[in-house]
Amino acid sequence: MAALDTNPPGMIVSDEVAIDINNMNKWYGSFHVLRDIDLTVQRGERIVICGPSGSGKSTLIRCINALEEHQQGSIVVDGTPLSSDLKDIDKIRSEVGMCFQHFNLFPHLTIMENCTLAPIWVRKIPKKEAEETAMHFLEKVKIPEQADKYPGQLSGGQQQRVAIARSLCMRPRIMLFDEPTSALDPEMIKEVLDTMIQLAEEGMTMLCVTHEMGFARQVANRVIFMDAGQIVEQNAPEPFFTNPQNERTKLFLSQILGH
Amino acid sequence: MAALDTNPPGMIVSDEVAIDINNMNKWYGSFHVLRDIDLTVQRGERIVICGPSGSGKSTLIRCINALEEHQQGSIVVDGTPLSSDLKDIDKIRSEVGMCFQHFNLFPHLTIMENCTLAPIWVRKIPKKEAEETAMHFLEKVKIPEQADKYPGQLSGGQQQRVAIARSLCMRPRIMLFDEPTSALDPEMIKEVLDTMIQLAEEGMTMLCVTHEMGFARQVANRVIFMDAGQIVEQNAPEPFFTNPQNERTKLFLSQILGH
Amino acid sequence: ATLDDVKARGTLNCGVTTGVPGFAEPDANGVWQGFDVAVCRAVAAAVLGDADAVTFVPTTGKTRFTALASGEIDMLARNTTWTFSRDTDLKFDFVGVNYYDGQGFMVPADLGVSSATELDGATVCIQTGTTTELNLADYFRVNGMSYEPVPIETGAEAVQQYLAGACDVYTTDRSALAAQRAGFENPDDSILLPEVVSKEPLGPLVRHGDSEWADIVRWTLNALISAEELGVTQANVEEMGSAAGDNPEVNRLLGTEGELGAMIGLDASWAKNAIAAVGNYGEVFDTNIGEGTAIGLARGLNAQYTDGGLIYSPPFR
Amino acid sequence: MSDAHAHSIAFVRETELPPAPPPTAETGAVKWVRENLFSSIFNTIMTILGLLIVLYLLSGLIPWIVNGTWEGASIRDCRETLQGSGGGCFAVLAERWPQLLFGFQYPDYLRWRPSLAFALLFLAVPPVLFFKLPRWMLVITALYPFVAYWLIWGGTAITPIFALIGVIAGYFAFTRVERQGFVLGLLAGVIVAAIMWWIGGYIAAEEPGWLRIEAVPSREMGGFMLNMILGIVCVSLSIPIGIVLALGRQSRLPVVKGFCVVFIEFVRGVPLITLLFVANVVLAYFLPPGTNFDLIVRVIIMITMFSSAYIAEVIRGGLAALPKGQYEAGDSLGLDYAQSMRLIVLPQALKISIPGIVNVAVGLFKDTTLVSVISMFDLVGMIRGPILSSTAWTGVYWELWAAACVLFFVVCYGISQYSQWLERQLRTDHR
Amino acid sequence: MTTMTDPPKAEGFRIGQLINDKRYRSYTFQFIALVLLILSFGWLINNAMNNPILQRVGIDFGFLSDPAGYDINQQPIEYTSQSSHLRAAIIGAINTLIVAFLACVTATIFGVIAGVLRLSNNWIISKLMAVYVEMFRNIPVLIWIIIIFTVAANTFPPIAEFRIPRDGSDAERGLLFGMFAATNQGVFIPRLVFESAGWLVIGTFLASIVGVFGLRRYARHKLYSEGRIVPVLWPSIALLIVPTVLMQLLLGSPVGVENPEMGRFRFEGGFLMRPSLIALWFALSIYTGAFIAENVRAGILAVSKGQTEAAAALGLRPGRVMSLVVLPQALRVIIPPLISQYLNITKNTSLAIAVGYMDLTGTLGGITLNQTGRALECVLLLMAFYLTFSLAISAIMNVYNNSVALKER
C-alpha cells in the first residue's frame, strides 16, 4: 500500500505492517460486539476511530492490547500473533502503549515512580536510567517540574499528559488512545491534544478513539467509523468529513459536528 | 465616589450608599488575604470583580455577607455596620442575597421548598404567601414548571437559576454572585447570564465575581481587578478592558482574553 | 427501715441464685422452688401474710453483695457462706444457718481415686465467685499438691465439662455435688470423695445496720427450726395455732400466748403464717432436697441437735 | 472486501453483518462449569476441596435434623426415642420454646401481648426504613412505642396515653414557639410535656384501674424478647443522644466539644461488659440513696450510652460528608444554627448515616447477649441458666445453641441485607 | 476612593451581648454547659459520698496488696495463691494481651484468605466464603465462644484415652510424633527449654530475620541499579533455617525441646493450650475474620479496574500488578478498619469470662471482685486498662493514617 496522498506534511508512513487484524470476532456472552473486523495498520500510520457509544471502539482497541480476548480471527501486532501464550502477550504489551479515558495513574506513586515502575520491573532497566528516560518524556509533555508530586495533586490535563509519558517510557512502537480527552475540561483538552500532535509528528504509529474532529483532520491518515461492532466506513479525513458515503456515518457526523 | 458616567443605558444608579467598606483587612491565620480594602457601592450599582485565582475575590464577597469575619476596618451594609452582634448579622443577611459557584441547593428539598424555606423560617411569612412569591421568581428565571422536582433532577444551568430565585425570594436589596457560571457547561452559561442581566436591568445592586467579560461589558458599571488581596485597579468596563493601566491587570487580561 | 419498705411495697425482694437444683430453681412454669426459696417465702408469709408476695431476684456470685448492699434486695437467701470478712468488712449480717455444708470433691469412679490426697496433678473444675476457690487453693497448698484449676461460671457448665472429661475432679459444696450427681445419666459412675475441706455454713443475710429487720429474718428461720423440734407441721399448724395448747413454747411461737409478734413489729400469727406457708424446717428439707427427692441428701449435720445434728434454735421466750 | 481496502483506504460497508451466535465452546453450562469451576489446576483443586467441605458438613447436619425427635419431656425420653441414631433432641425446643422467647417469668397466659407488640413492629418500622412509603405511615411509627409499652408492661392505659399526650402537646408547644427561637421552643415543649406527664402521673395514681391490663414488672422480661427490647429501646434512645454528641463534637465551643470527645472516646475505649458491670455493681452508688432502678433500666442506661457513642461517630461521618456549601447556603439565607441544623444539615446527614446506624444497631443487638453475664435471662442467659441446669435437659446443647443461632441469624441477616440494599439505593438516588 | 473614616468605636458592654454577640455568646453557652456539667457530676459524686455503703466501706485500693488466695491456671509470670491481687491482675492483663495478640494474627489470616477467596471466580469457593462471612457476622460472638468451648470439650478425645491404665498396659492413644496431643483438657505441645548457650541460637535466629530483610533490600537495590531480579523466596527460607540449625548443632543442642509426658492424670511438662484459650482464640479469630474479610474485599474492590488494566497494559505480570499496584492501594483502605477490628478483638476478649479464661476480666473483674467485694475499685481499674490500651492503639492508627493519606490537591 502506498503512502497516502492526503498525508499531513512531515509525517511518514512506511510499508511495514504494524497491526494486522483479520476477520476478528468477539462476543460478550452471547452479545456479538465485534463483527468481522479487518484492519491493517502500517507503521507510522495514525488512525482515528469514531462512532456512536457502544459501537465497540474501546473493545477493538483493548483487543489489540490483549486486555480483552477475541474469540475468532487473528490479530498480529508487529509480527507477533496474539494467542493465549503469555510470552506473546508480554511481548505485544511491551510494544504497545495505551492511554485511557480516566488516565489510571497510580495514585500511591509519584509521577516519577509512575513513569519508572514498568521500565524497572518489566524492562529491567536500572533505576537511574529509567529516571532519566522518564525525565526526558516528562519534559516532552512539558511537566518535568511535577515529577515528585502525586497524581492527585495535578490537574486532569496534566494527569493525562503524565499518562502519555508513562506509556512512552516503555518505548512502545504503537500507541493506543481510548478517548484521551473526554474526561477533561475544555481548557485542558488543548494541552493534551498538543502533546498527541507532537507525538504524531514524530512518526509514532497511533490508534486513537476520539471525537475531536479538529485533531482527526490535523493528524490522521485515516478515519474509521464504527457502528454496531462493524467497520462501516473508512477514509482519509478530508473526504470522510466532507463527503461521507454511508447513511449512518452521515447521521453521526451531522450530530457531532452540529453540536 | 460619584456615579460613573459610563452607565449602560436603562440602568439607574442612585446616590444612596448600599455597601461601604473601609480600610478592611482580613487574615487567615497569619496569611493576609485582604489588605486595606476600600470600596463604596451605590444603590443600583453593578460591580464585577475579577482577578487571578487566590487573589481574595471570594473572601471579599463572603465578608460582606458575614460568612467570614474580617479583623480590621468596617463594613457597612445598607446603613447597618457589620459587627459581631448577631442581630446586625441577621439584618444584613436578610438584605443581601448570595449565589455560589456550586449553587448549594438543598438536595433533600424540592425546588419550591428550597425557595420557601428561608422566607418561612427567617422572614416568618405564611407558607401560602411564600409559595406565591417563590412561583413569581421561578417564573422570572423561567423554570416555574420545575417547582416540584428535586435539585438533582435539574441541569446545572437550571440549578443555578433556582439558586438565584431562592435568593430573590428573600427580597434582598443587594445580590452577591461568586463565579455563578464557572461550574457550568458552556451551553448553560448563557441562560444564567441572561437571568443575571435581566436582574441588572431591573436595578438590583449587584456584586459579581466572574470572568465572563462579555457580561461585564454589558452590565457592569464598574470592574474591579484584585490581586494578592488588594484592589489593584478599578474602572468602567470599556476603559478597563481596552486600556488597563496596571501591569498585572494587563497580564491578566491578556491571559483570559487570549484563552 | 426495711420492714416499712417491704410493707409499703407489698412484696419482699429476695435474692436467690440463678439456679441450683433443690436450692433455688425456677420450674417449668417459671415458679421458683427450693430450699433457699422456702426461706424467702417464709419471711414473706411472716411479714406480709402472703408466701407468694416475693419477688425473686436471681444473682450471681459477683452481683449478690452489691444487690443487697444497694437495697435492690431486702435479703439474700443464696447458699452464701458465713465468713468473718463478709460479716464484718462487707458489712452484712448473717442471721443464722439454714444448711451446714462443706466443700467436697466428685470424681469419676474409674479414675481410681479414693481420697482427695491422691489428686496431685489433677484437673479440677471449680465454680468461680465462691469461697470454694480459696478453700481449694488452701487445701492443695497445705497438702503440697499441685493442680490445674478450670474456673467455670455456672454449675450447669461445670457439670457439662466434668461429664465430658474436660476435668477430672469437680469441687463445690457437697450438697450441690449430690444434687447434680442425682441428675446424671449414670449417677453411679461418679463418686464423692470422703474429704470435706471446709466448713460452709450457709445462711440468709441482710444489710448491716437494720437490726429490726435482721431480727425478723433470724427469728423466722428459727421459727421453722423450732417448729420441727416442737412437732408443729404444715398440716397441724392451723389446728395448733387456733387455740392455746398445753406446750407454752408452742403457744408463744404460734402467737396464742404472749406478745412475741408485737416485739418484732409483726402480727401475732407471723410464725404460724410462715410455717403454714412452707412447713417446718424438716418439711422444707424433705420436700426440696431430702432423701425422697431426686437430690437425695441425708440430714447429716443438718439434723436437729436432738438427733445429733447442728440445727438448733434459741428458745422462743 | 479485505482485498479492497488493503490497497485503497476508502471503504464503505454496503451490507449489514447480522449478529452471529458465539462459537459453541463459548456458551452453555459446559462453559460456565469450565470457567467457574475448572479454569485452572489450582481452581480445580479448590473446587474439589470446597465440595468435600460441603459434603462433610451436610453429612453431619442432615441426619441430625432428619432423624431428630420433637417429642419427649426430658433428655432421657430423647435418648430412648433416638436409640443412638445421631438425630437431634429437638424436644427441648418444643418444650422450652416459650421460655426461649419470653423468659421463664413472663406469665404464659399473657404471652400474646408481647407477640402482638412484635407483630406490630412490622407495621411501625417500615415507614422509617423505606423512604418510598407514604409519609402518613410515620404516624404509626410514632404511636408504636406507647402501644408496645402498654402491651408488654401492661398496667393502666393512662400512663402511655398521657405520655403520648405529653409528647404531642410538647411538640405543638415547640412548633408554636420555635419561630421565636429554637431554645425557647425546646424549653416550652419540655415544660408543656412535663406538665402533661405530671397530670398523667397524678391521674394514673388516682385511677389505677382505668383500662387496666395486667401489669408485668420489668424483671420478668426474658428470653429473646429481652434481646429485642434492649436492642430496639437502646438504639431508638441512642439516636437522638448520638446526634447531640455528634453535633457537640463538631462544635467550636471547646467545653462542649471537649466533653463530647471525652465521652465518646471513653465509651468506645472500654468493652461493653465493663459498662454492664457498672450498671450491675457500681451505678447504684451514684444514684440518690433509695432510688431503686430495676436492673433492666440500669442496663438500658448503660447500653444506650454505649451505642450513642458509636452512633455519634457514624453521624459525625455523615456530617463530614456534607459539602460545606450547604452550611454556607443556610447561613447566607439567614437561618440560625438550630434552623440550619434541623432543616438542612441533619436531614441530609442522617440519610447518609442510615446504613452506618443500621450496622451499629445490628452489632448492638448481638451485644445484648452480654447481659447474660450479669445474671439477666436473655436468650443466652435462659439457655446457660435455667434450661441447661434443669435436671430434665442437662446435656442438650447443640439443639439449643442452634436455635439461638437461627433466631439471631434471621434477624441480623435481615437487617444487614436491608442496610446493603439501602446503600445501593442511596448510591443511585439522585435526590 | 472614599475618604478614610475611623472604624466604629467599640461601644460599652451590654448584657444583651451575652446572647446576641458572637464574641460573648460562645462564652455564655460554654459557661452554661460547664455549670450544667459540674452540677451533674457534683450530683453524682454527692450521691456517692452520701451513699451509706460507700461511706462505710470507703474507696480503698489497699486490697490490691493482700494475698489473692486463688490459683490461676495460665501463668505467664510466676504466681501462687499467696501472691497479691495486684499480681493476679497483672497476670490477667498479660493473658488478655496474649489472647488478643493471637486472635489478631489468626483473624487477619482468616480474613485475608476469606476476603480474597470471596472474590475468586470459582463459584463454589466464593459462595462458601460468603456463607462463612454471613454466618459469623450475624450471630453474636458470645454464642460462638460458648459453642466452640462446648465443641472443644466434646469432640477432642478425652484425656482418659491417653492415660496409662493402672494395670500398666499401653494407653489407647499416644502422642502424635511423640510431641503433640489434642485432648479435651487442652492441646499439649512441646516447649522450648534453653540452656545458657541457648541465647546464642536465639540470637542467630533473630540475626537471620534481620538478614532476610537485608536480602530483600539488596534484591531491590540490584533491581534498581542493574535491572537484575534476585530471587528472594528460597534464599530467605534457607537463611531463616540454615544458620540457626548450624548454630544449634555446633553448640551441642543448647535449645532443647521438652515433650509433654503422661503423668498420673494428665501430661506433665511441655506447654498446654487450655480449652478456654483455644475457644476464645478461635472464636474471636473466626468471628472477627468474617468482618476483616469484608474489609479486605472492600479494599480490593476499591482499587478500580482501571488500575489493574493500566498496569497490565504496561506489561506487568498479574503477580506484580497485585504486589506493586493493587495491594499498596488496597492496604490504605483496609488498614484503618483492620485496626479498629483489632480494637474490637481486644475489647471482646473480656468475654473470656464466659469460658473461664483468666484474663483481666476474669481475675480483677471476676474473682478478685467477688472475693473482696471491692466492686467500684475493680471496675475502675478494669476500665482504665482497656481505655489506655485502646487510646494507645488509636493514637498509633492516627499517625499511620496521616502518613499514608493519598496526596490531594
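Think of it as A, B, C, D and E in the order they're written, each chain with its own count starting at 1.
Keep this in mind: contacts are C-beta pairs under 8 Å (C-beta built on N, C-alpha and C of every residue); 3 or more make two chains touch, one makes a residue touch a chain.
Just so it is clear, the model here is predicted, and its values are computed rather than measured.
Out of curiosity, which chains are bumping into both subunit B and subunit D?
Both-contact set = E.
Count the C-beta pairs in contact for every pair of chains, then give the pair with the highest total.
The chain pair sharing the largest number of C-beta contacts is D-E.
Work out per-chain C-alpha centres and flag the one nearest the whole-protein C-alpha centre.
Closest to the centre of all protein C-alpha atoms: chain D.
Report the inter-centroid distance (CA atoms only) between subunit A and subunit E in whole Å.
It comes to 50 Å between the two C-alpha centres.
Between subunit B and subunit C, what's the gap in Å when you average each chain's C-alpha atoms?
Chain centres of subunit B and subunit C, defined by C-alpha means, are spaced 85 Å apart.
Could you work out how far the Cα centre of subunit B sits from that of subunit E, in whole Å?
Whole-Å distance between the two chain centres: 56.
What are the residue numbers in subunit D that touch two or more other chains?
In subunit D, the residues touching two or more other chains are 277, 281-282, 284-285, 289, 373, 384, 397.
Please output the residue numbers of subunit B that touch at least 2 other chains, ranges allowed.
86, in rising order.
Can you tell me which residues of subunit E touch two or more of the remaining chains?
52-53, 150, 353-354, 369, 375
Let me know each pair of chains that touch one another.
Per the contact definition above, the touching pairs are A-D, A-E, B-D, B-E, C-D, C-E, D-E.
Provide the residue numbers of subunit A that touch subunit D in the complex, in ascending order.
My answer: residues 1, 4, 22-23, 25, 27, 29-32, 35-36, 38, 40, 71-72, 221-222, 229-236, 239, 245-246.
Touching subunit C in the complex: which residues of subunit D?
76, 79, 95, 99, 103-106, 108, 217, 219, 277, 280-282, 284-285, 289-290, 292, 295, 373-375, 377, 384-386, 388-392, 394-395, 397
Can you list the subunit D residues touching subunit E in their complex?
Residue positions touching the partner: 35-37, 39, 43, 46-47, 50-51, 53-54, 252-256, 259, 265-266, 268-274, 277-278, 281-282, 284-289, 362, 366-367, 369-370, 372-373, 380, 384, 397, 401, 404-405, 408-409, 412-413, 416.
Spell out the residues on subunit A that touch subunit E in their complex, using ranges where they run on.
65, 67, 86, 90, 93-94, 96-98, 100, 102, 104-108, 117-118, 120-128, 149-150, 152-155, 163, 166-167, 170
Can you list the subunit B residues touching subunit E in their complex?
Interface residues on the subunit B side: 1, 20, 22-23, 38, 40, 72-74, 81, 83-87, 89.
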